[in-house]
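The structure under discussion appears below in the form of structure tokens.
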């Protein structure tokens, strides 16, 4: 399992039909689009996949489609994120059953856990499934930052195989790398905007939501980093930072932050001809046409190929 | 359905066996204990019920047991709280199928919704089930305060039948009462500690977690309020405030806030002979014996009958 | 000094000239307006007085003007709020020198203090001045809620003479009243909107910012409470809650929360003919005419006499 | 003024006597210690200087001592941080009068400003003094993150000369660099732990609190960066990250976060023989001997020379 956990693993959106069902054709196209671009894995059912807004059936369907589309070319990681241990275990088992190579879990949320309870959560999840478990730190969603010590303990015990760090905190990222270096533990950044810095610090890979939209950019960034050409990596990163402005296009007095960001990813995938419908899951509200036009302009300005 | 939504409706803990399964016997005893004390309804699968930490099967089992135990004597409200609309609808349907009289849903969390997206969430949930939907405002868990305007719009449209307000914010509570007065919309306080004030403001009922532990106290408080004897209500409330000190007994450098609070409720129910095992759901850590002893002391000091 | 600390003590705005200096004439008129309405004290240099935005000279000038205007008819409390102990002591001494009857201090902010450091802060402040010290809990500004235990310790040691609680948390308010009852410690609510409830709980007085605008309303509320006519108190409070809507009139995409709220108080005082200029201290931006018109409409609708 | 604003500018602690006065001898030694180590400037009266806890006289005394000690060898920047514009202007003028080369101001705090009010604040401060104004972004203290757009507007208008960014957010840091590059605007990182990354992104300099304790380390880091030897910079940074563990030594159930961090800096300076007394300003509580011993151990382990 060491092999899968490295490199560029975009967290896929979950394309939906106008009626709100999983759009298997679009998801399949998205998988192909990403694999063709050269990604090293697919992560379905994460925050970018709107996992929190999908039914269990929709989540599992997305795993099935991605596993089939990947067809063994790259590993498929499946989000098992949920409020508590029991539910995470249920998701993890269902994902493993459908062929996921690894599962990705946040710590508990809604409740306010102690670090030792977070550790226990991952111990129980890891004991319940045969696939590797990757911890997911996303305090903007869970409102709890996974403590460095807890991650280090879980890593050194071999309980978790890796971490996706979407905290934006490169100090704790650095501490985790220092605490786990040389153990085979895989540390991924979830950042879109300081990915090059995370790779420079020694990250094993990147899981940028914007990788859904511009995988070529992140492939180039990753290759430059692998070659130690940090100037090229930075130049690419700066271009991607400008592309990332699409998440701020939506009028936040009208729709929420999540709708604005994930709606922008889907709008861009739609404009690029990858998915058929840019809608997000209920109850998120849609972007308006002027916002989608503004996204098109950003993409075009930054050299991202659009079809619509 | 107007009838059920009034008075004292404690949010039940979900008693578990030592192995972590729903302890149906204990839950049945708890229902009986509460009904005998004179409550007006039972709310299963809320925050106090550790819904966020239970599997779907455990949640639904709790509804079944409570509906059977209530046997029509009082209505059973079921928590359908979850991160997104699709999942809330699934829970709501399963609960309704099992005989719940109403379902209780938070707004979306994990995601960051706009007020209009919160409104849309409740519209979709309400349209999907035949039972009344009660909105649940608990920003300490969801990290979003339901906006007064959104609640007022949903109330005036008849989309939601009521609100459980656990925000601790009596100003917004007052505004909601002012905005919905005379419409049949039912406003409940989720407070343990300013329940008398909420009733004085015109609340239709109370949903205090501590009602699990000392239902007699809240019954007395509610009766005093109904008779307009606010001095007696305040005296009872002040006693209950002292009982509520049990949630602060646990050492928070060792276990989390939720474990400390819900563990205290369960420890008290155990000490009172109502449930068999005081354990919480994974991954919450247990209270230690000295903490349980301290809880016993508080209960005894405040005249709460204990058996163990 | 027991006498001063009771009843209605509005936290005065600090009227400014168009050039931004303290407008002594307007402040004098404001003092007279409030005393005529029947207030029991004046609190200058608090949050409503924009103390955080005034120079030291402006602060002290406001104290001088208020002390002169009060002319012994009612006590004048002076805000000594600042980031740290040394500066609070400096403010407190200057205020006492100018005739303030008591000084009001937050705990330290900008820094992140431990409760024991908060206690030490008040001990040092109290030891440094001869006038009584009132603690001020306003977590929306200081980002630290004064712990109940710390307040209780300070009260029982006689270090502080009272508390102004602007936390909006009636549970901690109740706990403080329970912990300090019968000791002569004076507990004030800083709420505009649940003042009646705080009085019902046993508060010694009220310090509502809106008391600047509609002192008659709060005088009536206080009298009704003193007579035990809680229905009348609630009716008045509900009217004042509608008046308080003036703080939400400003467009928050254009100016900040503080500018919107304090600007509304000053606009209302201007419309009532009490102060000459509605401007706030730098760098707060002004309300626009349409917003001031909307405030006038609210005032008129709620029976508040306007002159402009 | 371009000259001063570059390179390593440690934010000095303010050494105090046992009685709590500014310890001019220790501060003078500290200035000498830092200049000898090769720093490019001194920043007095910042957060590390406990400015929020000092009296005005203490603040200004610290500026005087530092200006005298620097004796023109390096520029002295002076903190003018305070809650509002008027007070910041007063501090800025006093500092300029005493020879400060530039002044450093946060945006307003205690109040909740709109970005346009933040802009106006800096415009007014800059107009009031003849020395350059550096903006200071420290949301952990002020609870408001300076918006990128506001900084960019102020930079492009030439209102502010630079930024000290202690937000820990390298994405906004990158955006600010992108928005201001080539204009002469100086961007400093306030980080202790990702300083190398900030320099790699193009920062003009570093203002690390830990630079008080181990200036040699940050000098080496800065030189390695200037030579483009990023591996050496990272190695030094990783060592400094281990030294930075001193701020986590204190028991946070006993003293506050600020006391633990600044107390550790002062304890280390004391152990190194630079300052005479490790006490912090009131009301911060002191470290205990065992904590100071633990700090000594960390320093020794990481090759930092100690004398006591």
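Just so it is clear, A, B, C and D label the chains in written order, and each chain counts residues from 1 on its own.
Everything that follows uses one rule, which is that a contact is a pair of C-beta atoms (placed from the backbone, for glycine too) under 8 Å apart; a residue touches a chain by one contact, two chains touch by 3 or more.
Please read all numbers here as calculations on a predicted model, not as lab measurements.
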Greatest separation from subunit B - chain, by CA centre: D
Homomeric contact subunit B-subunit C: same or different residue positions, threshold half: same
Chain centre separation (subunit A, subunit D; CA means) in Å: 36
Centroid distance [mean C-alpha coordinates] between subunit D and subunit B, Å: 48
Multi-chain contact residues (two or more partners), subunit C: none
For the subunit D and subunit A complex, residues of the former touching the latter: 168-171, 174-175, 178, 191, 193-194, 197, 200-201, 230, 234, 238, 241
Subunit D-touching residues of subunit C, taken from the complex the two chains share: 47, 50, 52-56, 58, 81-87, 89-90, 108-114, 116-118, 120-121, 124, 140-143, 252, 254-259, 281-285
